[in-house]
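Notes follow the structure.
Each chain gets a letter, A, B, C and D, in the order it is written, and its residues are counted from 1.
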Amino acid sequence: MGMVGGGRGAFIGAVHRMAANLDGKIELIAGCFSSDPEKSKLSGQDFFLDPSRVYSSYEEMAAKESVLPVGERIDFVSIVARNDLHYKVAKAFLEAGIHVICEKPLAFSLEEGKKLREVVQQSGMVFALTHNYTGYPMVKEARAMVQQGKLGRILKVVAEYPQGYAITALKEQADGAISNWRMDPSVSGVSNCIGDIGTHAENLAHYISGLELEEVAAELNTFIPGRTLDDDGSMLVRYKGGARGVIYASQISTGDENNLNIRIYGTEASLEWHQEHPNELIVKFAEQPRQVWRRGNSYNGPEAAKYTRTPFGHPEAFIEAFANIYVAASEAITDAILGNPAPIAGYDFPTIEDGITGMAFIEAAVKSSKNNSAWTKLES
Amino acid sequence: MGMVGGGRGAFIGAVHRMAANLDGKIELIAGCFSSDPEKSKLSGQDFFLDPSRVYSSYEEMAAKESVLPVGERIDFVSIVARNDLHYKVAKAFLEAGIHVICEKPLAFSLEEGKKLREVVQQSGMVFALTHNYTGYPMVKEARAMVQQGKLGRILKVVAEYPQGYAITALKEQADGAISNWRMDPSVSGVSNCIGDIGTHAENLAHYISGLELEEVAAELNTFIPGRTLDDDGSMLVRYKGGARGVIYASQISTGDENNLNIRIYGTEASLEWHQEHPNELIVKFAEQPRQVWRRGNSYNGPEAAKYTRTPFGHPEAFIEAFANIYVAASEAITDAILGNPAPIAGYDFPTIEDGITGMAFIEAAVKSSKNNSAWTKLES
Amino acid sequence: MGMVGGGRGAFIGAVHRMAANLDGKIELIAGCFSSDPEKSKLSGQDFFLDPSRVYSSYEEMAAKESVLPVGERIDFVSIVARNDLHYKVAKAFLEAGIHVICEKPLAFSLEEGKKLREVVQQSGMVFALTHNYTGYPMVKEARAMVQQGKLGRILKVVAEYPQGYAITALKEQADGAISNWRMDPSVSGVSNCIGDIGTHAENLAHYISGLELEEVAAELNTFIPGRTLDDDGSMLVRYKGGARGVIYASQISTGDENNLNIRIYGTEASLEWHQEHPNELIVKFAEQPRQVWRRGNSYNGPEAAKYTRTPFGHPEAFIEAFANIYVAASEAITDAILGNPAPIAGYDFPTIEDGITGMAFIEAAVKSSKNNSAWTKLES
Amino acid sequence: MGMVGGGRGAFIGAVHRMAANLDGKIELIAGCFSSDPEKSKLSGQDFFLDPSRVYSSYEEMAAKESVLPVGERIDFVSIVARNDLHYKVAKAFLEAGIHVICEKPLAFSLEEGKKLREVVQQSGMVFALTHNYTGYPMVKEARAMVQQGKLGRILKVVAEYPQGYAITALKEQADGAISNWRMDPSVSGVSNCIGDIGTHAENLAHYISGLELEEVAAELNTFIPGRTLDDDGSMLVRYKGGARGVIYASQISTGDENNLNIRIYGTEASLEWHQEHPNELIVKFAEQPRQVWRRGNSYNGPEAAKYTRTPFGHPEAFIEAFANIYVAASEAITDAILGNPAPIAGYDFPTIEDGITGMAFIEAAVKSSKNNSAWTKLES
């Protein structure tokens, strides 16, 4: 594979590389790791790359890789650059005939996202979006339970994603030290918190429940003075078909780490999953003992089992879940390269459509919040 | 003490009696346990009462008890009758010069609540409302932490109260077996779920945080067909001073029991408390190890210590917390009877003002929900 | 009821009184609360007793109460005095025809315990021992599961009871401030830690599993310098029929509170219960999702349901469990007084036999430890 | 790297490969994956190896690899073959001048282990043993706390490792289907359960506490009929310097998965760590709120931070911990190859000495058990 972005010191680039490495089937062989050619070059050395495959710009990379023979060229590119670059970079590679695995959010805006959808469709290339929390085996188990009807009709969804890391900015700010690009609307888009993590909560709820979000009544807040984008947001949500819910995300929830949790309530049973204890899925049937389904057991369904590497009690976690997105996308990419037909059940990774919904979700939330939390429909 | 309501088979009456019994300082000596005189009489036998102190109506009870000599007559009455009777019964006893401990919600409506406030003020009697969850020692510890400024400025509150018991009504209903008075607007008032348990979440958030609720944007739902009142509801909330939050309550959250949880986020630290594990208070300071404060330890403050009966690790729970409301109210009643001045710090039990806020909260939530979740201020 | 011991400031006496009060069916009417008559008198005032029923010695109390008419006299006495008095006090009341509820351990020594057994048998009176942890509803549920064969054949038992409170003695000692009678062999008997809490672990394991302890290989330790009795002890155990196990208790396990836990492993399933989270029972069937059985649900068996006061999610805890010993013993006492036949299934409280086993357990553990942990059989 | 053992279908071989892959710095380039040359060859294809580097025997592999030029030849070999082969294979590679990472237990017997120690010493090569549980960051944090004296003097250690997987053999056996080599004394050595997992508990306790095990009083059990080796075992332990403890391991603890837990009690504080929730370390100082130290925070010490890949709340787990053994061993191997001096603080991976202690532990436990649990010293 190749990579765009993710040079020295970048968090998410490192995660993508570990995820790709894990199973010993994907090798990083080319990249453009920074807009600064020197930094890109040094990063390439860190990763033991042939210097001739370390590029100064993504345009150069797309152009040069696409003319290499299959087998030698990269099969796909991982895009881990900033939000405002996703569209341009993805477009360049897709049009060069190279498959794409892309960080979320999909793009800088819904409009840009829709243009990207057209590019994807016209190119016929594989496009995977790393909503990585859907890669956890017990999340897949949860989804299978819903699909099998074990929960009955779903009435309510509560998805929460509080983080607390931004609170330290209250003190840093005294020193004038705000530098995170996520806070910059010209890079990040119309939202910071909802865009960065709210979309994970929204996507996870959709993935498990299968429900389509119809409209939101949101309030986005900016608690850190001097910022223009949200660092916290809560909303009531309505799903098509009558289910209701609450989604919230926050970066100023002091002391919380990466506390993504989801609860889905049906007429027969409810589910509860906590990202920080990912090997367990809590299942509550009405008037029965509470159940804790644990990863790696013989009672797990094939959906979870396929994405399980170690036996029960040998916990898997964030990197393994991330790697599962790579596993599923690689399957699709391999099939595409070999000309194999897609499996009837499809592939299990987030697609351009998840990305479009995410962008529509962000824009609806921002619009609702500006309109005093009026119910606002997602554009489709 | 005396009791109105709470005859054979009533849940909350039995809880009040156990709470009153626990410390061996309060004795039930009179009552009107049912609107059915025969049932009232039988209940009186269950409780080993002198038959002459078991009454056929609350009016009779108030009249007859009030003319007994002090020491012989009841010092106070516990009102555990249905919502629509709270006002009338409380008024009768207060005006007869008898102190009152009353179940929540305060009254049938905010209007009625306000009338009751006038009665309380004019009577000069003690009036305590059993928002019992504020009786837990670790809730008192939480409140003390906030008051001491340990959390910094509070930014966000999340209070949730999902129960799942009503979901079984989906099946019962097939048999036409809906009989719970809580579902009957002529008894319960304008709300079922928000009135019954949402007010607990609201009151708990207020008690710990000290914040005043300003307005709500709510959606109340009725998932059980054939019902007219809400069995679920979620809302965004705004507190005076800029804090924001989410409050939700539900009776159709399958498999949840009495899952009242609260999280309060400040600029320096956050708190987390779970009613089903009440002996622990989770405290998270930014960039420090998470702390678990546990009941009964030497590091607990005097606010919690005063309401602690057993040493650490010998858990206390629901009944003990409920009894703490009785302990605090008894203090006030004793002081009133003996003519002692009130302590400077005041008494630690919910008052008529908590009740008024609760009623305003219910009515604002219902109004907002009817108005498509528009932000709606609490009437004061 | 009457009480011997448990005056002002005594922990366990207060617990017994709350336990007796809780259900409003037992009234404390007489007592000898201290060997110091003045202190006994003052304690009697605290409890609102008629001064004529507050005695200067237990002998006087037994003598005077036993000649009062039934209905006026105490129906039973609660003995909460120090270990070395249990035998003498119990004997006095039993021989005076008064039923007894007695704190554990049963007596000062196994020999004394056996003499007490004879007294109990000859008197025909009810004798209940407050191994209070068997009063928890979910412990009763656990026992019922074992009896129903749900666990299959039991292979292994692990019962642990670490407390940490004694560690502070390391500093107190510097001030020469050791005064706890539990450390005094002339009051406490041959063991402190194993006698005080080890017996609870042993009794709980027996109550749930139904297994009979055959022999132990123990090491008792005294970590606090200057003490003569154990403050920690661990042992391997062998049950009749082939099950094996580990039991340990400790008072120097820094930071642990009252951390009694038990795990019972059978060929079909295992159980796990934690005293500090008593409303849950964890059940693990081979190759099935883990189950959490929770108190107060419709799926609980009659054994637990009978001793349940509040609905699910409204937690019960230590005092309620303690009160359940009083409930069960009161049943037996009432039947004895009224001449009712005992129920076929018997009563559900710990008896003199549990006490004898406890004493044999203590003595075997001490003997094994002195004999370099050699396997030592329990005397029967 | 190269690998011996771990062909298709082998659990632990796959774990080693993922651990080695994770950070993108180690590449599998040679192997002898099975004693069956055909199976070895097919496994080599699975791993995309050059067929010329897939060998039919470990002897051949050691011989041929050792004559390749540095840079081309393998830098080290991972030995994941069965217990009885560890010594022979390790010896072959060490003597050929190739560094070794070896699965535990070290060898078939203590005697063999001692011979291996001599080989290691004479060769001067790096030898790392994969006691992988010491690779967890929060385990390293725990160790650092002990070294810094935060716990005071350590009094007690409780290490438990119950698994339940073997219980299903009760049914399989009916079908005569016992095939696991761990049960075969001619392959596994004198112990199954204590050797396989008891040594992990022992090593983890030693790693964190720094204590040296002096003697054990053990009972090993064989609950599955027809087996000759233990499937369960418990023991009292004495450490040099006066600390006492309990260690047990089990494979018949129905429903438990990989439930390795450790508690270490000191005079000032105690620690608690649970392998199935590895990102948290519970720390209990006397009379202070309980602390939960979590991975990835700014308050973590350098020992943990060095082995942390993802930020707080993005959990790491089994494979990452395993990979940390590879990271540390790779450091040593790189230094050895480059001729760098070892860091003053040494390397952080288990060595031949850990392996020797493990073998002595196994043999002492077996000997004690055969001698009716008599206290038995570890041979050194």
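Worth pointing out:
The criterion applied here is as follows: a residue touches a chain if its C-beta (ideal position, glycine included) is under 8 Å from a C-beta of that chain, and two chains touch if they have at least 3 such contacts.
It should be emphasised that the depicted structure is a prediction, and the values quoted were computed from it without experimental measurement.
Common neighbours of chain A and chain B under the contact definition above: C, D. For chain B, the chain whose average C-alpha position is most distant is D.
Rounded to a whole number, the gap between the C-alpha centres of chain B and chain D is 55 angstrom. Computed from the mean C-alpha positions, the centre of chain B lies at a distance of 35 Å from the centre of chain C. Centre-to-centre separation of chain C and chain D, using mean CA positions: 43 Å. Among all residues of chain C, those that touch two or more other chains are 256, 283, 287, 290, 294.
Taken in their complex, chain A has these residues touching chain D: 11, 14-15, 17-18, 21-25, 28, 47-48, 163, 256-259, 275-279, 294, 296, 309-320. Of all residues in chain C, only 155-156, 158, 160, 162, 164, 167-168, 170, 217, 219, 221, 223, 232, 234-236, 238, 244-246, 248, 250, 252-256, 263, 265-270, 283-287, 290, 372-375 touch chain D in the complex they form. Chain C makes touch with chain A in their complex at residues 283, 287-294, 297-299.
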